[in-house]
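Think of it as A, B, C and D in the order they're written, each chain with its own count starting at 1.
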Amino acid sequence: MTGRFSAGAPVPTDDRPNEECGVIGVTSPSEEVGELVFFGLFALQHRGQEAAGIAVSDGVQARLHKADGLVGQVFTPAAMSPLQGMNGIGHTRYSTTGGVGTRNAQPFLVETVHGPLAVAHNGNLVNAGELRTELLTRGFGLTASSDTEVMTLMLASAGGPTWEDRVARTMPAWTGAYSVVLLVENRVIAARDPWGFRPLSVGRLADGGYVVASETCALSTLGCREISEVLPGEIVTIQGDTVRRRQALVPAVTPARCTFEFVYFSRPDSVWDGLSVHGVRQRLGEELAREASVVADVVVPVPDSSIPAAVGYARQSGIPYNDGLIKNRYIGRTFIEPTPVMRKRGVAMKFNALTENLAGKRVVLIDDSLVRGTTAGPLVQLLRDAGATEVHLRITCPPIRHACHFGVDMGHDDDLIAAHLTLDELRDVVKADTLGFLSLEGMMRAVGRDGGYCNACFTGAYPVAAGAPRRKDSFERVLGAVPG
Amino acid sequence: MTGRFSAGAPVPTDDRPNEECGVIGVTSPSEEVGELVFFGLFALQHRGQEAAGIAVSDGVQARLHKADGLVGQVFTPAAMSPLQGMNGIGHTRYSTTGGVGTRNAQPFLVETVHGPLAVAHNGNLVNAGELRTELLTRGFGLTASSDTEVMTLMLASAGGPTWEDRVARTMPAWTGAYSVVLLVENRVIAARDPWGFRPLSVGRLADGGYVVASETCALSTLGCREISEVLPGEIVTIQGDTVRRRQALVPAVTPARCTFEFVYFSRPDSVWDGLSVHGVRQRLGEELAREASVVADVVVPVPDSSIPAAVGYARQSGIPYNDGLIKNRYIGRTFIEPTPVMRKRGVAMKFNALTENLAGKRVVLIDDSLVRGTTAGPLVQLLRDAGATEVHLRITCPPIRHACHFGVDMGHDDDLIAAHLTLDELRDVVKADTLGFLSLEGMMRAVGRDGGYCNACFTGAYPVAAGAPRRKDSFERVLGAVPG
Amino acid sequence: MTGRFSAGAPVPTDDRPNEECGVIGVTSPSEEVGELVFFGLFALQHRGQEAAGIAVSDGVQARLHKADGLVGQVFTPAAMSPLQGMNGIGHTRYSTTGGVGTRNAQPFLVETVHGPLAVAHNGNLVNAGELRTELLTRGFGLTASSDTEVMTLMLASAGGPTWEDRVARTMPAWTGAYSVVLLVENRVIAARDPWGFRPLSVGRLADGGYVVASETCALSTLGCREISEVLPGEIVTIQGDTVRRRQALVPAVTPARCTFEFVYFSRPDSVWDGLSVHGVRQRLGEELAREASVVADVVVPVPDSSIPAAVGYARQSGIPYNDGLIKNRYIGRTFIEPTPVMRKRGVAMKFNALTENLAGKRVVLIDDSLVRGTTAGPLVQLLRDAGATEVHLRITCPPIRHACHFGVDMGHDDDLIAAHLTLDELRDVVKADTLGFLSLEGMMRAVGRDGGYCNACFTGAYPVAAGAPRRKDSFERVLGAVPG
Amino acid sequence: MTGRFSAGAPVPTDDRPNEECGVIGVTSPSEEVGELVFFGLFALQHRGQEAAGIAVSDGVQARLHKADGLVGQVFTPAAMSPLQGMNGIGHTRYSTTGGVGTRNAQPFLVETVHGPLAVAHNGNLVNAGELRTELLTRGFGLTASSDTEVMTLMLASAGGPTWEDRVARTMPAWTGAYSVVLLVENRVIAARDPWGFRPLSVGRLADGGYVVASETCALSTLGCREISEVLPGEIVTIQGDTVRRRQALVPAVTPARCTFEFVYFSRPDSVWDGLSVHGVRQRLGEELAREASVVADVVVPVPDSSIPAAVGYARQSGIPYNDGLIKNRYIGRTFIEPTPVMRKRGVAMKFNALTENLAGKRVVLIDDSLVRGTTAGPLVQLLRDAGATEVHLRITCPPIRHACHFGVDMGHDDDLIAAHLTLDELRDVVKADTLGFLSLEGMMRAVGRDGGYCNACFTGAYPVAAGAPRRKDSFERVLGAVPG
């Protein structure tokens, strides 16, 4: 038998920052909104796989279903059937603040003196602690530990004749990142912080009605046209087949879009700031080839997120692209803690190497980020075991040295491997022959913008001052977390 | 073959008023309170089988688990394991106001400016609508549609240096029935309305610690000693192995204990107002025999609740007691809607007749109440099919003609069969040879008290004025119900 | 407060023999048989709560659904919907041989050269081991470890032109207890061993069709008339609205009905051998009063099974009957292993004492059997703690000293407390003032038959010789048990 | 806003043949085999997602767990814990014959006169009907409707002193495709049909022990070395750390490996016949570029399976490769039947187009096969809606015109779109500008072998004669299917 085989090596779980949430809101002149929110949430599933929720209003009552799990698990036909109405919002969740557990799942729905109000939120308020204390001091009781409840109750008790007025009056009190959708009796209202940290777009449904969603991939999935961003500081109201826009806050002089949406979070078919995510990723690879070139035989991506950048690197460098790692698509959310047997036997659940494309070759391995640094080393070793003579690791962004305060869970400064080690030390840890990061300038060249982006995780220059980032469980002091 | 068999007849579901809730609170010098609350809830399961919840505090954090289902289903070992602490409360629920769904399950837990606060409640506030509107007007957002959230948020925003003070200051605003237990950081507080509508007792654990519970059967199950009632208008604080009592409100001049607790709700091994429930039930049967005697061959109960009364009737009348109906103990909460096949075939799921004790005999059938009147007729027919020559139906309380405003779901006035028909008409409907109810005086003689009881469902004389009783879904106007 | 309370004492799980199975078969000229089997299984639930199954044939295909759980849990509407047909059988299971796990659930369904064959069985073959070995030697592969698969495959490979012929030819090879129902293409066939160990009866549906079932309570539930026993050695075929009977084997000269069906297993509303179970139980109490009289103030049953006997004892002795123990109906199948907390605290989950009926009294406590002897002691103590001055334990059958070979799980001889101890020692173990068992003669007087019953568990005189009884897992040697 | 967006178009479910099964067997000198089988099954999940099963033997007992669902769902920690032993087999299942439902899940485990025997099978016997009838005639009862039970019972009743002898004696009776693994008391036995239709390989574990599996990707995942194929007609026994091989049947003069394993089924990191699947797929693209060239601007794959072929096509043609379709990785097995709302709104759940890479471009779309022809049309439309000026569809294999008899579910001849239409008609149906298939010769050039492959689905030249292929439910005549 002449075939060549490669043995796998143990690879720990993902070394990726975790995005926190996807939000969506839909209005329509007809009663099918619950179903449309459901379809749209599938396209936002990559932004949060821990819990999902949908709230729908039929003009009088609002109804809510939310639970831990993937969209397809949470929304059984029985769960969907009461969610009939002309206005609805939805949420997919990865826990940032608030800990796990259904108690913190979104949307958050309350009855107010002005009727029902449901809120779904993506982002992080840096002054949530102060806002929370203020509500408690005013005699409120808080059931959850998320920013979202705080935002909801502030809106419920805000002054102003319309919900849009109340949102506009409350927004100045919110410091930090928020792309938020609100469901009220007969419409959906979307608002975005004046820095524009997290994405939010609006589009028109083919057959009448409007959609707002975290990413345009969800708008495309629903067949939307006339897609545009909700602007920093803007309030957008959708109702039936109408849309109204109102600039509630002056946008920040320097916007602060999250560059990491391009590097890793957003789906490649989304468009943000007028830029295709897939296109930016290919250009990140091209810039990386310019900045961190190396003599090699093949460019290999860590699938799936680094494939476009690897194609770009190959295109620019002239080194041929090929697949070198095959990912098991069925591991997914199956959490398989490495067992003694796995370690002893060298069981590799997630990736196998394609020996034929690696053996005897000098390999450029493209990965999108290095956060805790737990997976790069085993992957380099997997390539070597498959016969790679050299492994050159190239990362499509700068070293991440500072925790995010605006809604991304990268852990704390202590967790970030690049915060503590020099480039040489990092290379030794992952055991690559060479290690190269894309520079901040190179990254922004790939994006194609001079400024207007938040790069605080790379630079430490936070657009909005805040104390130390809260731990995920910082509000669990009084109300303990209990699994679902 | 010589045995005699009786064919069953279709019997619809229970014609019983539904009790609303059981509450319990436990404190102990040691950390095992979660487990004790769990055991205690089993003894309160008859007061509510729709949902169950436990909240426990370890002195800093409060943790909560609640879900739809029976106690043994809701509290798996995994659900129990985080519920460690020295203070805890629990709840079993039958929905009164608030509709079904986990959203209204109890306890209700919030963080307040004074720390965690969890509330479990049995009763019904007649002014809940006004209190609710007031909270909304003050800018609160309400997540549920139950009285309990209203009570919780009123307490969270009440003034006063201690929780006991805040409870005492809030109680005057609550009009109606409440036996409520509160969990705060380091203790459990129980309070009872000044009319004493619903039961609530306190006892000391054998090995240190205290328990408050809706019924003494739960205290007995936990091995308590030194059992006494929480008095009308009283606040009882239990903490570790200590108890403090405070008369917060002047008790009503005329207390208004619910007589129906003796007639049907309470477990026979409970003691209330110093009276054994089992003993009262036997005396109800004796009084009935005095008031509504008849010449007959056998006294037969509708099992299980009417057995003590039937024994009492037999003892007083001299007519022998015997079983005549066998109940299928496994039907339980299995809801089997009568199908066309059942009707065509005469399938009887719940009761079979014991022909040998009925055939050729004049039967006195003892039942505890006649509410909607849906089950008595089929039972009478079942006895006749088994050969009973006469069936004399005797009810151990007066005709129920008025809906309850204080926490018992008897339906509305329209639903109550005795509100519309004369005694003769009722007898014709159930097709009994004779029909007799115990008089109000007879019932109170059996209880052994001259007054101090609420008999509004029999007399219409409500101890506290209120508008029409709210429908169960009256607060669902804005927040629609969604199944679990 | 003047009420008296009793503290509970820890009471281990039931000390009861376990019945093994309930079987049912239904035919009808119309297609509703699946539903009727389902209703009937509810009335047989007391004979087995571990698993349930239904097989239905529409004249061509047979369909089967079976799973672990109670009837109401296993048969959801979705599970019921394919079970349409004019012929069906059902089974409720407590594991005797075969171990737990769905693999051994019944009915057992196979395709044979003669069409589909499904079998549901109650009983135990003493020669199952030999029969099993013979099948294996013939080259069969066995998927389960139950008698039922052996019976099924023997029938599948038997000679004879009709299924009735094949059953008749196979019955001589089966030694032991069997009340079996078979589903074939277009009819249901029932057969009973020549000793008649376990009950089996047949009746006619009110609207056409026939039912065979383990107990007449299931026939009554379905509204049957013209009820009679399937005789020992008889084969009864039901098909549409017809019934055919055939005496396949000569009945044993001395039949061997299981007396324990009267003492404990059967539902009180069943009739067997022409005798009402409820009536026999009252007479057991009467005979016990004659044989084991005592001076006392009150007769108290262990609820629920011993109530009729306690009524009989009271009637005969003249000592008043009253309730003294209240059983928590919701514990049910919730298995709550005694925890250290329960022991320390004296938590009593299952029974509470009614102090008012016990304090200062000499109590006769009636229980139906003493098997492993684990519950009697704690119950006696519970009565003493409630103030009973004397406790006289009376058992409505003789001491059980020998394991059953015919389908009842009493454990092995080693497990049976009366096999090792004298009456005085037994009394000391349970700490009763006096202890009395009903004599064999007294028991048979209560039944009202001179002979024809199997009393081997009391006497050791087995009607059919066999080796030592198999352990429940005796056939697990090769195929290990795996939970559901 | 300058970004371009593309609206999705409705795309029905996958138009792919369905592979039927993955099998695996593991032996080890230590007791961890259950865990290794579990890990290995993850790497075979793509071969069947309907059910999974594991049987393990500890040298005496064999234990089995199988259920509907994905590997990670079926094998919870509780399900895994009893599966301890030194020998084990596993199976992932897509239903071929036998219909859905746990009844037909594999492995199939029986007790035989020679001890336990469990069988897991990939393939299809063309004479299964005859073999089944023969077993029934011999008096066997069959519980399932799968080939696997037939094979198991034939082995159980075969003659010969060892299991290997019995397998060798039975193999001549099996006509068709089988790659089968057997678990017996103390070892695992693998066998492959003499034509070698389906893959099967063996490898040695790093720390001692052996593995056989359908694909080498599973061997790589477990860290195996010394990997080789189980040869056509060979029996391979693995036991502890030993392997024994025996040529039981003379291999077919012309082997008949399934070419479709290269085209679509196998994972790209598997090696078969000494050939890398990934490498063959790239060459399929290259050959296609040679045979069916076209002037275009971009080569776009249908992700994920057609990516290597698109890379090969681009490399050979010189037309740049780029991504044009983004697949939603979370739809997965979520079956979302197109609803009226989806159709009206143009909701596209599975793919979105990358407008920037398509608009204004002439596109070559690479897909691996055209079976029922249901998805190609909507995908072509999706590209056009995104602005593609021309769409040239290229398929990496010849038209499929004949149903498979050897274990692949392509439907019946009627279902195959290419069986009825000319190339021009096909092109009109999918609305492509041009449509090109790879020729049989081109496909075999890409594989790199002159013969030895089964191409019957393209040519109709079946290597083994058989009647019409059985429908999936052909054996459901007598035993109806019931959902899980």
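Everything below uses one rule, namely that contacts are C-beta pairs under 8 Å (C-beta built on N, C-alpha and C of every residue); 3 or more make two chains touch, one makes a residue touch a chain.
What you see is a predicted model; the values in this text were computed from it and never measured.
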| item | value |
| --- | --- |
| Shared chain contacts [chain A and chain D, defined touch] | none |
| Chain located farthest away, centre of chain D as origin (C-alpha) | B |
| Centroid distance [mean C-alpha coordinates] between chain B and chain A, Å | 49 |
| Averaged-CA centre spacing for the pair chain D and chain B, given as whole angstrom | 60 |
| Between chain B and chain C, centroid-to-centroid distance (C-alpha), Å | 34 |
| Arrangement of touching chains [line / ring / star / complete / other] | ring |
| Listing of all chain pairs that touch each other, if any do | A-B, A-D, B-C, C-D |
| Of chain A, residues touching chain D in the complex | 1-9, 32, 35-36, 39, 42-43, 45-46, 49, 70-72, 203, 205-207, 216-217, 219-225, 227-229, 267-269, 271-276, 278-279, 304, 307-308, 311, 321-323, 326, 328-332, 334, 336, 339, 341-342, 344-349, 352-357 |
| Chain A residues within the chain B interface of the complex | 60-65, 78-79, 82-83, 103, 108-113, 115-117, 133, 136-143, 145, 152-153, 156-158, 475-483 |
